[in-house]
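Heads up, the next two complexes both have chain A, just with different partners, chain B and then chain C.
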Partner chain A sequence: MSVLQENTLPVRSRTTRPAMRRRFTPTVIVYLALVALLVVGSVLVGLRGEVLLDQGGILNILTRATALGLVAIGQTMVILTGSLDLSVAYLVGLTSLIAAETMAGRNGMVVPGVLLALAVAAGVGLVNGLVITVLKANAFIATLGVALILRGYLEDNYTGPAGDVPRGFQHLGYDRIGPVPVAALLMLAAAALAWWYLSRTRPGYHMYAVGGDIEVARLSGVPTRRVIVTAHVLCSVAAGLTGIYLASRLGSGAPYVGTDAGYDLESIAAVVLGGTLLAGGRGGVVGTIGGVLILATLDTIFDDLEVDPFFKDVVRGVVLVTAVALYARRMVASRARGRLA
Partner chain B sequence: MTPGTTTSVRLTGISKSFLGVPVLHGVDLELRGGEVHAVMGENGAGKSTLLKVLAGVHRPDGGTIEVDGAEMSFASPTDAQRAGIAIIHQEFTLLPHRSVAENVYLGREPVRRMQVDRRRMVADTRELLDWLGEDGIDPTDTVASLSVAQQQVVEIVKALSTDARVLGMDEPTAALADHEVELLYDLVRRLRERGIAILYVSHRMREVFDLSDRITVLKDGRFVTCAPTGELTSEDLVRHMVGRDLGEYYPDRAGPDDLGTVRLALRGAGNDRVRDLNLEVRAGEIVGLAGLQGSGRSAVARAVFGVEPFTRGLVEVDGVVRRVTRPRTAVRLGIALVTEDRKGDGLALRQSVRDNTLLVRRAALRGGRARARSDVPALLDLVAVVARGEHQEVRFLSGGNQQKVVLAKWLAVEPRVLVVDEPTRGIDVGAKRAVHELLRDLARRGVAVLMISSELPELIGMSDRILVMHDGALAGELPAGASEGAVMALATGHGIGEAA
Partner chain C sequence: MTWRPRLAEGTAPVLIVLLLLLIGLAIAGPAYAEPSGYLALLKRAAPLMILAIGQYFVIVSGGFDLSVGALVTAGVVIAARLINGSESATARVILLVLGFGLLVGLVNGLVTTKLLVPSFIVTLGMLLVLDGAIFLWTGGAPRGALSAGFRTFGRGAVDVPLLGEVPWSVLILLAILLAAALFMRGGTGRALVAVGDNEAAVRLSGGQVDRLRLLAFVLSGLLAAIAAILLGGFAGVSAQVGDGLEFRAITAVVLGGVVLGGGRGSVVAAAAGALSLESLFTLLNLLGVSGALESAVQGVIIIAAVAYAALGSGVPQRLRWWPKQRDSARPAQPASS
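Up next, the complex of A and B:
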């Protein structure tokens, strides 16, 4: 009888709704896309008479995924919190140098080297977090500024690789079990830890809350500043771990190892590809790892097919835009259902 | 939570000023466990401020707050929460992507062995939902998947989970559809049965009579009366709330000679929110559009202006059928909209008075005409803006001056049809008069004005004709100077629809 009632969505029955909605979360879409990509990639590579997922292929994908994965785990945390970190790429280079130079070829200095690199990384994260929360600088600008400071330091003090990682520590970069690098397993372990932290602990819950709506979080008694600073420290520590890993692979530290690979924007791309909202509040590490694996698999396929590197970037761009558009459509659909979201 | 215990609250002589402007003068209020106590008053009467004082959001300048006989001083909402007082604000404070349980325990998650005790969180939330008899909501549902009414239930559960015994609700039905309002009534009654004290702030007469046990009326920040609901009639209530003689504050209405041709006409127009609209607004005329919140008043304004266009029927501007599908088209046709959300939709708050004044002109016109800076002083003069200068950012202006800048922005493109939605919301008495006089002046110059207002005295005082909306359709038309009762009867659906 009334227009208002006709146009109000009926309250859906509880049995069907969550089942439908939960089936195609962005995380599920990412892994379906990954499987589809592996199938298509296998066929394309197969047409050239090669095999995508042979021992070398798997090793290649996982090795590519390890460093980016570590950075992206940290990036997931800051993005979930509604922030962003553009300083990770230079921090990867800086920590690789700190680790390698402290070790200076001595086995006994491995532990101090690792600890010092991580401490410096945590310090950089603390600065990022404090500049954003206390000085209230926009995260984009704040971390860009810190990135420039790090770049200035690196350019002033280094012209190329420096330091020396002892042979014993290089095992971290090269040991593997079958086709699976040990470092990749460690990266996955870090991802599992981050997943547990985000989805099972109070500080993790509060990261989602701050990213979802900082004012709501504040009024609910969440210590918002502490949450943002923590996210930045953890993100920088993840970048520090990446630097240490890369030092062990290279045998030395290298100032531009992080920026050459574009880990700043690449990690953000992986996070968003994994279904985490760039605005924060929704998403998670599981999706991010899926996003990282998609990017690593794409690269491996392109290498096998010997594709023009510029064309590679075009395809990656298309994939990214498509994914974000796809998630945005789902968001609009869910927004139509309720007032929020 | 220990069901059965009740809390009573007594506010005595509460005063509060903002920037030297008194909003509350010595207001008294008493609230007992197990009662629904309605606070009524016109816009600006101080209802929401009183609620915020109780919630610890604002500190009163004078007066005392007693909870169960003990005097309290709330420095923050957390203090009020500790005393068992929680408020459901008009804007919901939920995280859409998180589950119901996660929202209810946000910031207070139970922890067990380093982990959030999700099982307990879900169980406790379910217990509260069961206690309220809300079994349609599962604690693990994502908030975004719930209806607006269900989200409100989650807000209430969130408040109750802090062991609140006193619940303040600010216009709780504002966001609800009609059938959801009934659900809320039910819920409020259940809360009352369980000994919760409910402070119910509303300006909807019917709700207050349906629900409340006692009514306190505020007017211009002063306590007027407090009486059991049964002892008041709606006429009493209106008299207490309005308490002034109408007519003398408003400019003269249009005479027969002032009316010109039909500038805006809707013929059977409708969309998702409104239907079957037939109306005409003539040059020189101010037509009032009345109705309760949610009746579709603002939807008409938005449709005429092309924000959410009509999908059925015809729109005629100056006798020509037009398809207004975007605001830009509307502006080009000489239609202007002063939205109800001045700060959100009306102004670029961080830009200067001049930039705001020229906003529409620069957007809609080309070339030299768009750049007519020299016109700005005259425009600002016309609407009598008080600003430090053309370069002052509008966010530093008072509400009344901001609204004048909005009007100046539209005058800059010389509209033929002016739709104003709540043109005097949240502005002081002096500025109100100025806006009223300006609107009448524009009408005299041949502008067709369609005016929406929740303040009935204003709507009645200003309009040459009053159209009343109910439930997305026009319920009737009343002549100039109709009584508030006549408007309310149509707006609440009495005499129409009820029998159907």
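Up next, the complex of A and C:
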């Protein structure tokens, strides 16, 4: 089932490399890289006579990380099961519209708006999951197809922002405790929940099993279809939460809020940057949050340094490929060690 | 003994779909009552078909190339900036654009094979780098202009005996398609498919896996550069010319029955998939379906195509077996160890 199964294990990988200490897992590397980035960034920004991690800087990083973080948490789950989801970007836009239009400025409609947006998101995830498991379509194509359908719906029905979020609900987007936005805390809570689910519960373990080897998982009695469908529903719900959060920040729903930010490919990049294997079965939410924070910090540093925005994309691309190349080398090294042992 | 046309596996459905679409076009649009209408369609579809052929090489060997859309944009923008309306620079710049495509393909291939990064990530990174670098270089908006000589390939036509006026792009397309089909029949082409099917087996039997995959990316980059030259001529200079083309090319290839993950499918079918996609858009346009719904229809169609292929060339057989309770009738899996 894993869509993107590619060679990570060529025969020539047997060449032994100096054994690295086992505790340097990709997750640890991500956070070390984040710390290094913060130090380097602070120095660079400091040379201009400014401070990177002042109140505004922290707020900036965390705000950037909140939306992408929510999407990436969901994306982590589907990628762990060996799938992926290209429909999240349009789904973010769609759910922001549903939430804002249902609320229509009335305080009493906040809860129904949120619930309806989440229900639609879950429905889209269910469709993704069923197309993949029942129609046996490749996840890449299945979710690309659903993305195109959502896009057609959005383009046909909306030309710009629509709906209206009541003042009270905008607190979700703007309230903060010190320099820390409340929404960022909620995102971290969602990450903690996902971490608990993936590493402490049976269905979570099943996700790793399906992503590792779907045949082995099936023969071991794992309900593989249900696991894949669950992962997709959870991923879409996470995208739905992002849409709701963005609606509360923007004050209305916007059809292209998700695609303008490129949440589909960006979230995959964050997950992979966080050390999760694109082919599935290895990785986790903790690394993903590290990856998201790195991307958000890079953006903030570049803003402070007033770097040309297009240069950011170049750096992002290079960082992504370099990181994955490093992880690949480590895996090759550890497998070579495993063979020797 | 009767001669039966031999079609590569999975080719028949897309050809049937294409035929139906072409018949639909003939019914819906008076322009398609004569060959010139179809030539115009082919001319419009040529860049996508060429991209699909390039994408086919990468997909059949087990990878993805997400960078072709950005590469097309880069090619057009670079050409416009360097030619800047001067006719004398045309030949030089065309070579440069082709060389740039080769280089990008080479980098994609080398990072994939030597650094062991999945091609999805490599080409995604390349997409980001190209997009950023091009806009950094041009300062946000493309500048310069293409020369008339450059644009000939995309919109000009040439007199061919018997056929009359044939667009350059159609001739280029046919040459590439023929070359690709011959290539895939040869040893290297077959080895490329084998890499997508079972890489370890190819490696163990002495095949140059890395070199083959590298070749696939280089070909994809080169063909994307050619598509850029055609599109630049056809549609002119814009910074959005390549937007979304990577997904459209992948859709076309999949529509042609090529399996993502590699190992199965034919290059002619991939090109036919691209032509089908373009015909479909034309047909929807003729039928007055709003442009917005176009993508929704595209979405439904690719899901249906892939589901059809995955559920089996055997939808009829499956229906026959329905009453037999397929799941319980399946023989028990032997223990694998």
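Going forward, the second predicted complex is superposed on the first by the 316 of 341 C-alpha atoms of A that agree within 3 Å, B and C clash if a C-alpha of one lies under 4 Å from a C-alpha of the other, contacts with A are read in each partner's own complex, and residues count from 1 in each chain.
The rule is simple: contacts are C-beta pairs under 8 Å (C-beta built on N, C-alpha and C of every residue); 3 or more make two chains touch, one makes a residue touch a chain.
Being a predicted model, the structure only gives us computed values, none of them experimental.
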Which of chain B and chain C A:281 touches, first, second, both or neither: first
Partner chain in contact with A:193 - chain B first, chain C second, else both or neither: neither
Which of chain B and chain C A:201 touches, first, second, both or neither: first
Which of chain B and chain C A:212 touches, first, second, both or neither: first
Partner chain(s) touched by A:220 [first = chain B, second = chain C, both, neither]: first
In the superposition, chain B vs chain C on chain A residues touched: C
Intersection of the chain A residues that touch chain B with those that touch chain C: 3-5, 7-8, 11, 219
Residue ranges of chain C touching chain A (in the complex, touch as defined): 62-64, 66, 111, 115-122, 124-129, 131-133, 135-136, 140, 199-200, 203-204, 209-210, 247, 250-251, 254, 259-261, 290-303, 306-307, 310-311, 333, 336
Contact footprint of chain C on chain A as seen in their complex: 3-8, 10-11, 13, 131, 135-138, 140-142, 144-153, 155-156, 219, 265, 268-269, 272, 278-279, 308, 310-318, 320-321, 324-325, 328-329, 332
Chain A-facing residues of chain B, complex: 77-78, 92-98, 102, 106-109, 111, 114-116, 118, 136, 138, 140-148, 150-151, 175, 177-180, 272-275, 294, 296, 471-473, 497, 500
Of all residues in chain A, those that touch chain B in their complex: 1-5, 7-9, 11-12, 14, 17-18, 21, 200-202, 205-206, 208-209, 212-213, 215-217, 219-222, 277, 281-282, 334-335, 337-341
